[in-house]
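Two complexes are shown next, each including chain A; its partner changes from chain B in the first to chain C in the second.
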Partner chain A sequence: MSSPSLVAEVADAVRSAAKIPSNVAITDNSRLIDDLNIDSLDLVGVLLQIQDHFDIVIDDDAVPTLSTVSDLARYVAQQRGAAAA
Partner chain B sequence: MSERIVVVGHGAVTCLGRGMDATWDGLIAGRSGIRRHASLPAESFLTDLAGMVTEFGPGTPTEDSAIAKLSARYLHLAMASAREAWADSGCEGREFDRNRVAVVVGSAFGGVDLLDAEQARMSRRKSLAASPYLVPGLIVNQAGGQIAQHLGLYGPSVAPANACASGGHAVALGAMFLRSGEADIALCGAGESSFTPPIVNGFATMKALLGRKPEDRSETDPGQASRPFSIDRAGFVLAEGSGAIVLATESAARRYDLHIQAELLGWAINSDGYHMAMPNGERIVQCLRTALERSSVRPGDVGYYNAHGTSTVVNDRVETQAIKEVFGDRARDLPLSSIKGALGHSLGAASAIEAAVCVRVLRDQILPPTINHCPDPELDLDYIPNTARSAPVDIVMSASFGFGGTNNALIFRRWNS
Partner chain C sequence: MQRRALNIRKGLLRIILPALRRLPLPLASRMVAGIGRTEYNLHSELRLAFQTAVERARTTLGCGWDISSTSLELAGNQVRWRTRDLLLDGVSDDRAGRMFLVDDRRHLDEALALGKGAIILACHFGAHLLPAHWLFREKYPLRFYMERPRHVSKYMARQFESEGPLGQDKLFISRQGDTAAAAGSILRASRVLQSGMLIYIAGDVRWAGQHSQPATFLGHTFHFSATWVNLAALTGAPVVPVFCQMQNDGRFHIEYHPRFHVPGDAVKTAQAAHWVQSYINLLEAQVRQHPTNSNEYFFWPAEDLPTEGETKAA
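== the complex of A and B ==
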């Protein structure tokens, strides 16, 4: 499980990239497409923002597994762990 | 007889203000919107003189949230003046056929600031992955696309990219849609913001922009950098901005009970077929004459001429000579001015702003001045130097000329005059 601060940081990145209004809550369980109404173009923008912000590379094969904010946070944590290892 | 085409709304966003009223008030007061800008540092830009719209656009509190994903400034500028003109038209409260509203919004360069930012990001990240918003934000027709999307307008849409004549071309093309019967209403305009090092420095190395010289009067007062028709004019000052007007057929304006502000009597567009960047006086004369003939207006009937007047040595000389040839004995009695002295040159947007200003001229019966004017013996017309002038005016003409050898002229008449 990812730390609450990392989830919040990912949520902020998602909000910034997809220009999600401040009155729309983003939680760790928020589904990017179904709950946040992020379309396929926005999803690419979100993933790019996550890569830039956390200085990681998201593998194309991993993208289908990243459907929620917590999925993204977990992936970021894994990549950071791999980089630190 | 063709149906009359009327103006029912107008708007502008310029370095003098984020709306038509502020722009007009500044013009009439003889103020300049030209400043030196820290956002144009010397390590990247050959000049920091510019006409910028401050506290506006992506990333600011005034950001238009509807188009926030697309951070190209030209889009936000075009959208702002389009919203203003559309609100001014009163269309929104009426029942009208949205399939018969054309959107004709141009730009010279489109979203090049977004391209510049994205290239920097990719370089910084050492990544080949580009933002998915880059291509949509870069293309010139996206301004019209976003306006159509967010105002709900579904008629024909085109985006003239005709350099410094784009906005005037947009007005003429919109009128053509009305005259051909393809639309009842046309939202026409242009937006521009192209402050990237290659473009600013490209204009500078062409010697089109005012360069820095210790004795230049802009060194002590940046507001005096743009000085059309003056003896010491030495290049234009790059600006950003947007302008828009809403045209309608007279029958549509009456059907929807819209407030008619002016009539677009006629227009002309032609090509120099001459040079990539130098104007051709002969073709400009032809363009002005064609607009007059199509409008059934005699040269002596024109009460005000809004000049292209870029403040370059060549343009202002060629345009003055063209006016003399077209207007003959009446040229010296024709009040004319270039508002680029106050606003700088916003390239594609300039002539859309100038069209909106012409509507204000007819409404308020005030002629905006050419500010910073110091007489040039070679240029001996009435440039309305430095101070606005009240004058009865029924017919105004606005002309613009673009790189690539493309010209337009628009003729407006006071409604019910």
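== the complex of A and C ==
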């Protein structure tokens, strides 16, 4: 599980990188591609933003598993945990 | 050409290439072209198809090519092109090296020295895989970012066996890939560049999916993949165009062009179409100058011609 504040932080990063309008709600269940209409290039932008913002490295192979905002938040939490361990 | 005839030629080449490699390689290369010229001389339908295509391109571009000799040489070079780098398989670096004339290598080395890797922008003009073969022979750190090329030499296939995060295997792309797979692939390619390596990508791939851009080529509008533009914009890596002509003496003439940079905002603006068109203009200039190296371009079906239904409706 990832904390609500982390999910909100990830959602902000997604909104900023993919230029999602403010009137579009982003929840933890929002699907990046299907709900937020993020294309492959914007998705790369999102991933780069997440990497920079949270100072983590996203494994290329993990990208297909990161479907929703909560998937991203969970991945960030795991990576931070791994780095802290 | 009919598939059966292509298969016969492929079988013939498989048999005779090992023998041809024992000859001086420029001579062997000319003999491979001779197969195409012989087919051209023997098949009247094939001859007519070449001459019609060359005449159409000549009219479109307003060039003064001689149709008969250009068609004949083009037919010969098409077979050399389809042979890819197989003629150099199992050949020593020294013998292989003498098959190449390389101009302006400094453009490549200066681009690499910037420390952001470099995008080698290739295409299907001339001997399209031979610059990659030369780069491998010269020990440049190179990865392909395209569909996996088939029927290449065992030498090149061995270069594809690299593994790990920067390995080649996962950089071969598929037209069937979904959005997430495409994003993972671009991320991987950007890491290859960040590590200071070269990415070899084609700038003339007709593409119907996301991130294609229209450009005019040989008088018609086609949609081309803009992947190289996006990658260059995302990473800031320099782009170095390369062309490789199949010369009449049998050797391969590689020309590196000056590097350029794609601004970071190109993917978010109409600039991507501009960059694609700029490259296609560069390619078209090569075709004007060396029509006998144009391979299949003169045979491309036009995307922008009206369909039968549209013609009837009009």
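To be clear about the criterion, the second predicted complex is superposed on the first by the 85 of 85 C-alpha atoms of A that agree within 3 Å, B and C clash if a C-alpha of one lies under 4 Å from a C-alpha of the other, contacts with A are read in each partner's own complex, and residues count from 1 in each chain.
Definition applied: a residue touches a chain if its C-beta (ideal position, glycine included) is under 8 Å from a C-beta of that chain, and two chains touch if they have at least 3 such contacts.
Only a predicted model underlies this, so the values are computations on that prediction, with no experimental measurement involved.
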item: Clash-or-fit label for the pair chain B, chain C on chain A; value: clash
item: Which superposed partner A:52 touches (first chain B, second chain C, both, neither); value: first
item: Which superposed partner A:63 touches (first chain B, second chain C, both, neither); value: second
item: Which superposed partner A:44 touches (first chain B, second chain C, both, neither); value: both
item: Partner chain in contact with A:33 - chain B first, chain C second, else both or neither; value: second
item: Residue contacts with chain A in the superposition, chain B compared against chain C; value: C
item: Partner chain in contact with A:21 - chain B first, chain C second, else both or neither; value: first
item: Intersection of chain A interface sets (partners chain B, chain C); value: 41, 44-45, 48
item: Chain C residues within the chain A interface of the complex; value: 165, 170, 178-188, 190-191, 210-211, 230, 234, 267
item: Interfacial residue positions of chain B with respect to chain A in the complex; value: 65, 68-69, 121, 125, 127, 129, 131-133, 136
item: Residues of chain A defined as touching chain C within the complex; value: 33, 38-41, 43-45, 47-48, 58, 60-61, 63-64, 66-67
item: Chain A to chain B touching residues, read off their complex; value: 18-19, 21, 41-42, 44-45, 48, 51-52
